[in-house]
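In order of appearance the chains are A, B and C, and numbering begins at 1 in each one.
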Amino acid sequence: MKKKSKRIKSKKPESKTSFSLTDVISMQDFSKHDIEFILEKASILELMHSSKKKTILFGKTVATLFFEPSTRTRLSFEKAAQDLGAEVIGFADPNTSSSGSKGESFSDTIKVVERYADLIIARTPIEGAPRRAAEISSKPIINAGDGSNQHPTQTLLDLYTIKKTFGKIDGLKIGFSGDLKYGRTVHSLSKALSHYKVDQYFIAPKELEMPQYYVENAKKSGKVKLTEDLYKYLGELDILYATRIQKERFPDPIEYQRIKNVYILDSKILSKVKKTFKIMHPLPRVNEIDPSLDETPHALYFDQLSNGIPVREALISILAGVKK
Amino acid sequence: MKKKSKRIKSKKPESKTSFSLTDVISMQDFSKHDIEFILEKASILELMHSSKKKTILFGKTVATLFFEPSTRTRLSFEKAAQDLGAEVIGFADPNTSSSGSKGESFSDTIKVVERYADLIIARTPIEGAPRRAAEISSKPIINAGDGSNQHPTQTLLDLYTIKKTFGKIDGLKIGFSGDLKYGRTVHSLSKALSHYKVDQYFIAPKELEMPQYYVENAKKSGKVKLTEDLYKYLGELDILYATRIQKERFPDPIEYQRIKNVYILDSKILSKVKKTFKIMHPLPRVNEIDPSLDETPHALYFDQLSNGIPVREALISILAGVKK
Amino acid sequence: MKKKSKRIKSKKPESKTSFSLTDVISMQDFSKHDIEFILEKASILELMHSSKKKTILFGKTVATLFFEPSTRTRLSFEKAAQDLGAEVIGFADPNTSSSGSKGESFSDTIKVVERYADLIIARTPIEGAPRRAAEISSKPIINAGDGSNQHPTQTLLDLYTIKKTFGKIDGLKIGFSGDLKYGRTVHSLSKALSHYKVDQYFIAPKELEMPQYYVENAKKSGKVKLTEDLYKYLGELDILYATRIQKERFPDPIEYQRIKNVYILDSKILSKVKKTFKIMHPLPRVNEIDPSLDETPHALYFDQLSNGIPVREALISILAGVKK
């Protein structure tokens, strides 16, 4: 959100009871206090009666601008906004948006929509576009994913899921498997976890291993173990955060087939894991997690998805009330 | 809806005052009691003041998943849900749904959406998909049409229209014209009418005549007459349910032109029919009914369409309140 | 809106306190009184508290049928309807509308939607289609643009913007620049301004000059000046209404480049214009107005866009309450 000179500044800019951001663009912008503030707010909203929740943004309008389709994320944001009593306008698909085809710039689209909405949620294939939107807009912007760059609400719902499930984040042993080289969700969550005392396990083939930057960062806040073997540390883990290995990453399709199948989670893992062990996944999955695990107490991925609602409600309700 | 072991069972599972279904998938699942229960509920909702109706599903969310576009059906369901005070999320078009393109299975899409919505309305080109959805989902499913298989809300609104117009269903003489061989609506309505004492008339060319199964079924509850001649029994009928003859059914386009024109309803019928005679049609029509009939008292097809609203409201309000 | 014989006629059909139209199709249908009535109503709605506004159309449904995409116009209408408490159904794109592909006529689509909605907003590429819709429909129609023909809500928001900014319309000196030959917005606004005492300046290249019909019309209510030179009268103007010059109008692309650049508004104009001078534009702009002007007090184009909300609210609230 552009800071206008006439903007009324919050009286307590960095107090322990406030949220310091006026836009949600990147997890890099979140202090530990900001994260904790959102998690706390989400847990309050999750327990709130719908009739009370409906009054929070009564009379407000939220715009959802999906410059690339993403049904899951869009429905989650729209439900969150509606649960808070806001009206939703927007587009689900660049093809139903005429602006681009008439040659309008991205800047002008934002300047138009800020006139209609109290808060803008933007999904775009272009990295950095939401940051640019925040610079232009006099209304708060929430980044709902910009290419392979950031998807901060995913990371916040991941953190919320961990805290809600285990009652804490500190002290946990959290593994990541799959594509750790390119995986946006993994990088963002691993980074955010370094605010806590967490041991991190990176389980990936050589071709897709965690970049050195994130490994070093993880070491600051806990022990780090790297392996290609899915089973090696499985018994130690509290959580395994599995991700998809994308075909496009491999020049050789046979190599892809081999590697992909190595990291499939199925009933074979059941005898190895702790009783309280949980599997997380950002969804959609293709075949990384066998559906036979869905009904086990280890499957946390659909609850994780549900947690996106209170987390997005927390962000929307806080930002839409920000004074300008 | 998947029956969980922890589901609180209705206290009166088959009493005269309850509805036995937790999903609306096929007319085959409806007992006569279920049908009557919906028709009664629809007539109550049709008379209810909008401010009272708006409270029924306040705070609830209904998802409309249109895996193939169907504007008329979608708008009708969305209006019904909104009239009841529910919020609506969903997609109108498979192209604006990213799930498929990311390789997500239909099962996972349902498992995702059940986390966001209290009730799911699904339209799909694939026969049987809504039944599968009901097996997976912990939330009620309403089938809004699955290929050439079922479209139960169409049949219920047809029955509601007949009862509302004539004050009864028993004792009526109801004809069907057009494509009786492939017509999903005709098969489903004819079958449902066999719960009542109705005489049925099947008026179609040899190539498109009513399948023997439905003819036999109709005979159980009333007299049945078959003819190729639209005019033969026209003076006897209370209702003629006209349907479209689709070009695709005919290998020979000349044969199509000949047959299509034989079953057109226009002002020529006016001198033959009873004063109270009504024409029904599932819409859209192409040229089966001449627009000159629209303003006559015989045209029931747009009222029939309007009746879709209270019928869908009845189903949505009952199912969204089902205990799990 | 089709006038049914059973329609209850307004008691004061042409009184000074009523609006004479039951549909908004063309600015040609608006008397000066009608225009003033809408501007007055819009100014009341702009100041009304959202919780009061939300009750105006509570329980009503507005349909937005966009037979061609137009995001800006659609979002503006949807926000206006939602601010008034109405529910919105519709489609954003002809491709998500199945009606056309099933061979349904435009007439039947209107006859269907009038059963679901209390008011219909239609955007179509076909000139005259909204007029046809109004003849068919028993519910009010608002034209949201029909090809190069009419876009009456744009003209009304332009007038509202002028009156709100200057406190009056009479006595102003208003210039138009760009494509005055084909520009729908320019023709419509110039015509509407002839209800007031306004001097009009037409600034365009020979190839794109204002048609004689509009020039003559403008002369009836004030002085008229024509020029190819953007700067010639710039110091006299209260308002310059800039429009886009479309490439498609020119057989010779070099000629297009030359002309286009002549009418660009940028910081060079600042030393020439009055302190109170304002720039209007229907948006989207391409390069007609340099973004460096956006932050100057002369830029009125985004406020102009915002004014579309109260103007559309005025029209929707008046028409949706029309007795039938």
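The rule is short, and it goes like this: contacts are C-beta pairs under 8 Å (C-beta built on N, C-alpha and C of every residue); 3 or more make two chains touch, one makes a residue touch a chain.
Model, not experiment: these values are computed from the prediction.
Engineer: With over half of the numbers shared counting as same, classify the subunit A/subunit C interface as same or different.
Structural biologist: different
Engineer: What angle, rounded to the nearest 5°, describes the rotation that places the Cα atoms of subunit B on subunit C?
Structural biologist: About 120 degrees of rotation relates the two copies.
Engineer: How far is the middle of subunit A from the middle of subunit C, if each middle is the mean of its Cα atoms, in Å?
Structural biologist: The computed centroid separation for subunit A versus subunit C comes out at 41 Å.
Engineer: At which residue positions does subunit C touch at least two other chains?
Structural biologist: 93, 95-96
Engineer: Could you please specify the touching residues of subunit A with respect to subunit C in the complex?
Structural biologist: 58-59, 61, 63, 87, 89-91, 93, 95-99, 101-104, 107-108, 111-113, 115-117
Engineer: Considering only the defined contacts, which subunit C positions touch subunit A in the complex?
Structural biologist: 50-51, 53-54, 68-72, 75-76, 78-79, 82-83, 92-93, 95-96, 283-286, 291, 294, 302, 305-306, 309
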